[in-house]
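The two complexes that follow have chain A in common; it is paired with chain B in the first and with chain C in the second.
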Partner chain A sequence: MSENALLEVKDLKKHFPIKGGIFRKTVGQVHAVDGVSFTLQPGETLGLVGESGCGKSTLGRTIIRLYDVTAGSMKFQGSDITNAEGEDLRPVRRNMAMIFQDPYASLNPRMTVSEIIEAPMAVHNKGIKSERREKIADLLEVVGLRAKMANRYPHEFSGGQRQRIGIARALILQPKLIIADEPVSALDVSIQAQVINLMMQLKDQFKLTYIFIAHDLAVVEHISTTVAVMYLGHIMEKASSKALYANPKHPYTQALIQAIPIADPKKRKAAGEKQTLQGDIPSPITPPSGCVFHTRCPLAEERCKSEVPALRNLGENGGEHLVACHLV
Partner chain B sequence: MTTATLEKPVKKEPRFGESLFTKSVRKFRRDRLGMASLSIVGVYAVIALCVKLGLFCSLDLTTTPVGPQHIAPGQTYQHILADGKTEERVSWFGTDIRGNSVGRKLIYSIKQAFAIGIMVAFFSVLIGVVLGSISGYFGGRVDDFLLWVYTSMSSVPYILWIIAISYAFGKGFLGVIVALSSTFWVGVYFNIRAEVRRLKEMEYVLASESFGMTRMRIIFGDILPNMTHLISIFLSLNFIAAIKNEVILAFLGLGIAGEPSWGGMISSARLDLIAGKWWEVTGATILLFILVMAFNLFTDSLQDAFDPKKVG
Partner chain C sequence: MSKRVLEVENLTTEFHVEAGIARAVDGISFHLEEGETLGIVGESGSGKSVTSLSLMRLVPCPPGVILPSSKIRINGQDILKKSAREMQKIRGSEIAMIFQDPMTALNPVFTIGSQLGEVLKRHQNLDNNASRKRGIELLDLVGIPDPTQRIDNYPHQLSGGMRQRAMIAMALSCNPKILIADEPTTALDVTIQAQILELISKLQKEIGMATILITHDLAVVAEVCDRVAVMYCGRIVEESNVFDLFEKPQHPYTRGLISSIPRIEDAGADRSELYAIPGMVPDIHALPDGCRFADRCFQVEDKCRTEDTQLADTGDGRRVSCLFPLGQGAQTA
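And then the complex of A and B:
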């Protein structure tokens, strides 16, 4: 299985040091990502969900090597990229791309659309000027804009259009893996669906693999083939989209799914009383011992406070359904 | 027979492909106060340029006496011509203690002010932007060191720095430029550093990093172009501050020696003031006031027009 995996992440950790005092000594660590492992097959769409501050964005940025890895290892297309630098990092830079959350902050306001989309090609010396221009025009049409918009500036577009420009920039080098960091969270609900549908269409057209980060379970359900639920730097549950939504096993996932509002009043009644999570997400500087979720878990027992639960496969009929909980 | 033709309503074409810069320029041109102050500054600048090119009021004319000392403005005096004959002339702006024309000194000083203002603004902003960008973008040890320099320098009153440095470099033009530039970069540095640290976390910088753009290209392509408003505001603020501080230096006897300047005029004529000879101080003060005022208003309008948060 791991032979043709696109991305293999093993026990990945990303800690941010907190410096203090006159001599800027490290006085603590933010455990943003604290031991995450997963494998991503080509063509898969992995949805990463969790509350804000759970480390999902940091995980995405660490995979694309915007951040240096603290511990663990990553393999991309079979080669180790954990500490790659310079020339070794080039395949990562060319074959992974990122779509960002805030369409108002992700495009340089001083550049025209064509300059923005051209930048990755210029960095990787792809094509000559006329070829690039043609490619940009084609790509603008593909993402649902018009080719003649290439000479405009970002401030002349709406949020949804800007996000399409960001998508075009991510696609221009024809990457294998796209990490989308909450690509629709900042958009109006009516625009969200359009962008999601565009991303799904592009996935088939360009044979892409996505890591789709979101805090909205409903959005993720629609686009993902696999979903991983994160909490405080750990993966709590990972399963195929269908299995996870139909049969959530981890108490945290159950709480998240229950929190999705139900529009139909009859169904709402049938669903019964909602169990909502109490309290706030604990500080990632001093994460709880044992299972990180035990402070808010309705089922927590004594051993949850001391023993870290491993991800166990509880899948039926050969399917993979990983859960990190002692009690299921 | 005539047929009534319906006039087509003139439809205004929406502007597209307009950069933030041209948009800002358009906004600035609608700002009347800004345009008025800019034109005052423009008049000063033209005079300064003419003096620099030697079209009028060259140094020779301002330092050779034209007539008796301390003629009040508007009074007449006997001008001795080359052939020994005398001619009655009016001195519109009066003369100073040596009999030099105050009017000519005032005009010549405009050139001095611009020379000091432009050079100090250029060097202080250049140093501040370069060090601020390095400090803000790369962080780490370099940042710690530069920040330490900043803290040390700003914990001493800046006027002491200026005095100390200009003593070290001696009187004159170079001394003033070095003293002011090496003091003024500090404020620029700190603000630029903060802005770079903010911009560095912007998603478009992360995007550039994610596809492997080099750090230099990120600084020159993504970061500096988004600070142009800040840089231009610091240029004009430091321009004004330099001119004002030259007056203080001259007052302390550390100004440009040997050549007229507003600071020199104000400081040398302060004793005349007690004797009722008011015109030299007044003239220099008024010209200084108008320039500083116009430039401050211009800076305000610049800020309004070029701040990307307000243009959008």
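And then the complex of A and C:
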């Protein structure tokens, strides 16, 4: 299995130093990603869900090496990319691409659409001018825009169209892996559905593997084959999308799924019937000891405060269902 | 029939900008009954937030103008005829508002206590001690732990959920009859969103105020609202009780919106394509002549492109603005 894995992440950590005082000494660490391991098979769509501050975006950005790794290791297509630099990083970046959340901030307003989409090809010295132009025109049609729009500027497009431009830019080098960081959360519902459909269609067409980062569990359920739930830099539960939503095992996942409003007034729960998670997410600067969720967990026991639970496989029939909880 | 605390008639709000006149809200009428929760849903640019600002008379003027033919009656009094000074009395005590982003709605250089105190001192003539005491009571009411400490905190010392709670405390401080909540949970995480929605409906029952919940999220509407108005391009296209709206939407736009939500309850079902409404919202400066949804509608006919639609009664207190409402036998699809 693991020889064919597209991406293998082992015990990955990313801490950000906090500087303070007149000498800018490091006075603390933000434990954004704190020991995450998983493997990603080609063709899989891994959904990363969690609330803000859980480290899902940092994880995505560390994988594509926008951040340096604090500890742990990553293998992409069999080669170690943990500390790759300069020329070694080039083939990695060619095969990985990122789609960003905010379609307004992630496109340079001074570049035309064709310049934006061409940039990755220029960086990687791919093709000559006429070939590039042809490819851009094709790709614009693929993502549902018109080829003649290539010479316009980003401000002339709506949010949904800009996100399509971002997708075209991610696709231009024909990457194996696309990391999509909240690609639809800035869009209206009707446009959101269009972009999700487009991403699913492109996945089949170009044989892509996705890491789909989002806070919206319903969107993640729709697009993902596997889902990992993160909380304060840790993966709490990881299973196939089907198993995770039908049979959530971790108390945090259960609370998260319960908290989602359901678009059907007949399924409305009476007040008090709903188990609402109390309190706020603790600070990642001083994460709780033991299980990081114990401060909000309705089932927490004494040992949850001291012992860190490991991810254990509780899957039945050979399926993988990893849960990090002492009590299941 | 219960009492109508708010009646809006033919509300039209325009913005006179360089590109021309943008009619953000175009002649909408609705009412709010005592104790009920009305949801106003729509996508960005549908005019839902301008509607709420108009109700508070907080539309920046210029460039905004509420046309004189509009009427907003709170308990029978037309607030559009009030002077600015009278309006200050009405805001807070009759009608209060909570905003989407508590970080920008709260003043970062004053403590929660002094911002709460300002409201209490102005509207209820409390002195410093009394307003501090009442402030602590209010923070306790909205579920802020340790209110005696928190009252001296600055907004940045609170989490997003806490800030939203503080803002709710501020809105409730003078027992308003009407609370307008403009996307109160959009900036929050799901678990915090659930806490805040629960808090709003609990307080609403205790205090008995009527609430207008403005949101883009139909699922939130399904959870908390009694009645819903769907807005598109500055107009209400459908109004109905919440159960009928989700079961038998009459406007093609409403149906499209409902079908385009990914649903978690049928987890494991085939991941078929989501229904997506084609196209996008038309430019406010170049609205089509006929029905504004015509270009994106699956059952559009020639008549839709030339004839403007009116919000018409369809029985059971439902209203829809479509020449061929769904479920009426006249549809082609």
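What we mean here is this: the second predicted complex is superposed on the first by the 320 of 328 C-alpha atoms of A that agree within 3 Å, B and C clash if a C-alpha of one lies under 4 Å from a C-alpha of the other, contacts with A are read in each partner's own complex, and residues count from 1 in each chain.
Rule of thumb we're sticking to: contacts are C-beta pairs under 8 Å (C-beta built on N, C-alpha and C of every residue); 3 or more make two chains touch, one makes a residue touch a chain.
Keep in mind that this is a model prediction, so the values were computed, not measured.
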Item to check | Partners on chain A (chain B, chain C) - clash or fit | outcome: fit
Checklist entry - Looking at the overlay, what does A:219 touch: chain B (first), chain C (second), both, or neither? => result second
Checklist entry - chain B or chain C: which reaches more residues on chain A? => result C
Next on the checklist: Let me test your reading of the model: by the given contact rule, A:260 touches which partner, first (chain B), second (chain C), both or neither?
Outcome noted: second
Item to check | First, second, both or neither for A:106, with chain B first and chain C second | outcome: first
Checklist entry - For A:155, is the partner it touches chain B (first), chain C (second), both, or none of the two (neither)? => result first
Next on the checklist: If we overlay the two complexes on their shared chain A, which of chain B and chain C does A:4 touch? Say first, second, both or neither.
Outcome noted: neither
Checklist entry - Put simply, what angle do chain B and chain C open at chain A, by C-alpha centres, to the nearest 10°? => result 70
Next on the checklist: Output check: A:276 vs chain B and chain C. Expected answer is one of first, second, both, neither. What do you get?
Outcome noted: second
Checklist entry - Which of the two partners, first being chain B and second being chain C, lies in contact with A:93: first, second, both, or neither? => result first
Checklist entry - What is the minimum C-alpha distance, in Å, between chain B and chain C after the two complexes are superposed on chain A? => result 10
Checklist outcome for this item: chain B and chain C footprints on chain A meet at residues none
Item to check | Residues on chain C engaged by chain A in the complex (per definition of touch) | outcome: 43-44, 159-162, 189-195, 197-198, 201-202, 216-220, 222-223, 242-243, 246-247, 256-258, 260-265, 267-268, 271, 273-278, 280-281
Item to check | Touch list for chain A against partner chain C, complex | outcome: 51-52, 158, 160-161, 188-194, 196-197, 200, 215-219, 221-223, 241-242, 245-246, 255-268, 271, 274, 276-278, 280-281
Checklist outcome for this item: The chain B residues in contact with chain A across the complex are 16-21, 144, 202-204, 206-214, 217, 221-222, 225-226, 308, 311-312
Next on the checklist: Quick check: in the complex, which residue numbers of chain A touch chain B?
Outcome noted: 24, 61, 64, 66, 89-90, 93-94, 96-98, 100-102, 105-112, 119-120, 123-124, 149, 151-153, 155-156, 166, 169, 173
